[in-house]
Amino acid sequence: MNRVPKHLSLALVGLLAGTALAGDLKIGLAEALTGGAAQYGVPIRNGFQLAADEINAKGGINGNKIVLVIEDEQGKKEEAINVFKKLIFQDKVLMIFGPTLSNSMFAAGPVANAAKVVAFGTSNTANGITDVGPYIFRNSVMESDVLPVTVSTAVKHYKIKKVAVIYGNDDAFTKSGYDVFKKVLEDQKIPVTTTETYVKGDVDFKAQLTKIKATNPDAVICSGLAEEAASIMVQARGLGLKAPFIGGNGFNSPKLFEVSKTAGEGTFVGSPWANTNPTPANQNFVAAYRQKYGSEPNQFAAQAYDAMNIATAALKTIKMTGNLAADRQAIQEALPKVSIAGATGLFKFRQAAPKDGKPSGYDADQKPFIYVIRDGKFVLFTGK
Amino acid sequence: MGSLADFWATYSTLVFTVGIHALLALSLWLTLSCGLLSLANAAFMGIGAYTAALLTLHLHWPFPAVLAAGAVAPAVVALVIGAPTLRLSGVYLAMATLAFGEMTRILILNLDITGGPEGLNGIPLATAWWHIALILAGAGYALARLRRSRLGRAFEAIREDEVAARLMGIHVEGHKLAAFTLGAILAGLAGALNAHFTFFISPREYGFENAVDILTMTILGGTSSLIGPVLGASILALLPELMRFLHAYRLAVNGLILIVVVLFLPTGLWDSRRLRQMLSDRRSRRGGKP
Amino acid sequence: MLEQQLINALTLGSVYALFALGFTLVFGVLEVINLSHGAVFMLGSYTAVTVMTRFKAPLSIGILAALLVSGLIGLAIDALILRRLRARHAPHLIPMIATIGVTTVLTSAAQGLFGVEVQRFPTEVLPTGEFVFGEVHLRTLELGIVGVAFLLMGLLFLVMRHTRQGRALRAIAESPKAAALLGINVEGLFMLTSFVAAALGGVAGVLIGLNFNAVTPMMGQPILHKGIAVVILGGMGDIRGALFGGLFLGFAEVLSKAYLSSQMGDAVAFGLLFLILLVRPVGLFGRVLERKA
């Protein structure tokens, strides 16, 4: 006689617990929060958190709150695989954002793809990422879309006849940037006087820069990350190398000016984002980020912020059924149709060409902005 | 039953990683048993991994052949560089093997065929749990037999006192080369297996930090028996998972554990002598036979 | 171009030498490969940056603070860990492994305390000014580093040769047991050495951090690898070896980048290390010890 009320109350609790949870949209976030790649992973997480908080404050998606299940993949590919598996099979998230490094996506992406769960990278720019499969998405604009425009703009402006190239040799990001630059230079028929390399973490570039100076280029093309780029430009000026720089995606960060406000004068950079882009979407993002985190956002944070909004736009069109597999599939089908005006500008997806007859994932389809550095700031290049 | 399948789906990679680490720790144990502190095993792992991956991707060899190649390639390299390098001892040998390791990594980084810094991706999944289990068990068995064989005793003699061993007629150079090469084979196998369940390899995984990791595992577990390295490898592979809640301080705890073990448990966690001592103490305390 | 490259080599070599001085001191006296030297170097740099940014202190105070903090950390490592291992007569590799653990702890602590982003020195305190001779450019800061490296080497050398403490240290390096019998306070001098070596590392951290104006938690690692090469090339435990090994490595690296290819810099460095180990393992200035059978 006493057991019945107990079972009833237990059932009630279970029902209530069930309904409380059913409203939350669990989304996995796997980024490098410690280790060498944390300098990208942490701003990315910040961008996602900022966007998620804003959306939740406005009532969430169709009344449901976004819950980010955040895991640290440490910038290591084995960890990325472990974390993906945990998010997919244990936490049972609807989709995953991340991982941070292209290398990690190559390792963990296949896991998500096989499990039919969307993996949405915001900082993976290597070639071949989306070849992994149709569940792989990214909004990080590929260098092959940005660099041709950067180079042709700079060439025209400075009347460049020949260039020297320097790039980071041991990082997939900067190396694939170099591969694109190389092709662009061949396509645009610009001879290269010399090609120099460095490794990530190097702080002394004088040997390479001295070599470059001796070949007298009209400009120096640099595929590197902002920290090294800042030092490269300062050391170049210190050696008396006056040629202007042309930078890849990695240049796009306020960090470029931390070492010197003047060394980068006249540098051309193409990118999907710059902090001075005056659109309201961007300015609101920059202000909100500054207020919440007390520091300047960078490209990584901006792309993460936009990714959250892109996913939100897709989720708004879906009616959650509670069947995990069906909901996950619905996301994969809804995402390609999304187009938004975000902090990085107008955005939509473009499916990559099929690989070996198998369908591929979705890349970013965005126009790059070309910026030139004047007075220690990125200024939109308008042709002057 | 569903939760077991879920558990396996979530943690299978982790279990595989533990197995691979155990294999690597055993490879280092083998060289240590001959008194050689070789930090080259991470590089040998890399050579095995790249050889195997390239054969799978370009020539589509069957998996067993690929594994065999992954074991043979580093062995060949070991034989070549072993002769001059093994004349060194102690810390100088460690540094020489470290330099070799870095040169290997730089070579892989700069060759086009290895994909350079972008590494090789799209390696098909070929490793099953029983591959790792079989090879690990096989290695364990072989090493256990080795310890009690003439070869193993020669290794021990060389480790204890090289000059005396030579005077006893043991061909020191040959034995050292054997230990070095056998260690390379195990490390190469570990690399080949690893490449075929992580889909993607890059030069970054076979450098100084990884060599240090392997050393840490082996020392942590203790070198007096084969169980030590396997235990150390398991703990260091599982620790990041177990301590996920510590977030950023996880690495610090790793370092702390290393310091604590070195200070207070110098023979490692699993020391057969200490365990036997503890057991016999307990027996005598209970009043039984000493 | 050659002149500029030679200057580049000189400054890079001095950077390496400065780092290697403390590193080789510990090996020479304590016979320990202290792999935490890179972490101590990094923490010296962070100390200076913090002091100069937070408290707006001038560079001299920054260097002093770095010296003290790094020195104390080195002392703590010795007192808490290395001393115990010495008492146990642990084989050489064990303290080395312990210092690996220390490095991990210190690097994580730095990441936790200071974050992972690159920190820069406040621009106001950066020494500006450079010397230009024709096509060759040399910054004042770089000249300073070269000067300090040579100065410190000379100073340490004189101390080791001509002072009581120096002679006592050399006696310990020969044989700690004999030194103890002679009444030398071996433990005390070990601790002093640890302090001084770490302090040197900290100062190196400030100067090198300033030179490249980039301070990160991981900055100690690449230079540690090079430091190992320097110390092997120059002879472990030898102060002159640290300077000449550093210069040698700097020249080898820069000239191979200049005249072979920029990819080859590191490969050449390690290749040289490998060769030296095969040909003359004790390095340029090391003493060949007789094996007593």
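Side notes on the structure shown:
As written, the chain order gives the labels A, B and C, with residue 1 at the start of each chain.
Definition applied: a contact is a pair of C-beta atoms (placed from the backbone, for glycine too) under 8 Å apart; a residue touches a chain by one contact, two chains touch by 3 or more.
All values reported here derive from a predicted model rather than from experimental measurement.
When you average the Cα atoms of each chain and compare centres, the chain farthest from chain B turns out to be A. By number of C-beta pairs in contact, B-C leads over the other of A-B and B-C. Centre-to-centre spacing of chain A and chain B amounts to 36 Å, using the average Cα coordinate of each chain.
With each centre defined as the average position of its C-alpha atoms, the distance from chain B to chain C rounds to 31 Å. Contact of a single residue of chain C with at least two other chains is seen at positions 108, 111, 263, 266. Counting partner chains per residue, chain B shows two or more touched chains at residues 110, 248, 251.
Shared contact sites, meaning residues of chain A that touch two or more other chains, fall at 34, 169.
Residue ranges on chain A touching chain B, taken from their complex, read 33-35, 71-72, 74, 77-79, 81-82, 85-86, 88-90, 102-103, 106-107, 110, 126, 128, 131-132, 169-172, 175-176. Per the touch definition, chain B reaches chain A in the complex via residues 6, 9-14, 17, 109-110, 116-119, 121-122, 125, 198-200, 202-205, 240-241, 244, 247-248, 250-251. Across the complex, chain C meets chain A through its residues 1, 4-5, 8-9, 11-12, 15, 108, 111, 115-118, 120, 123, 130, 132, 135, 137, 139, 208, 211-214, 216, 218-219, 221-222, 253-255, 257-258, 261-263, 265-266. Interface of chain B with chain C (complex): residues 37, 84-85, 87-88, 90-92, 94-96, 98-100, 102-103, 106-107, 110, 163, 208, 212, 215-216, 219, 248-249, 251-252, 254-259, 262-263, 266.
By the touch criterion stated above, chain C contacts chain B in their complex at residues 33, 81, 84-85, 88, 90, 92-94, 96-98, 100-105, 107-109, 111-112, 225, 228-229, 232, 236, 263, 266-267, 270-271, 273-274, 277-278, 281, 291, 293.
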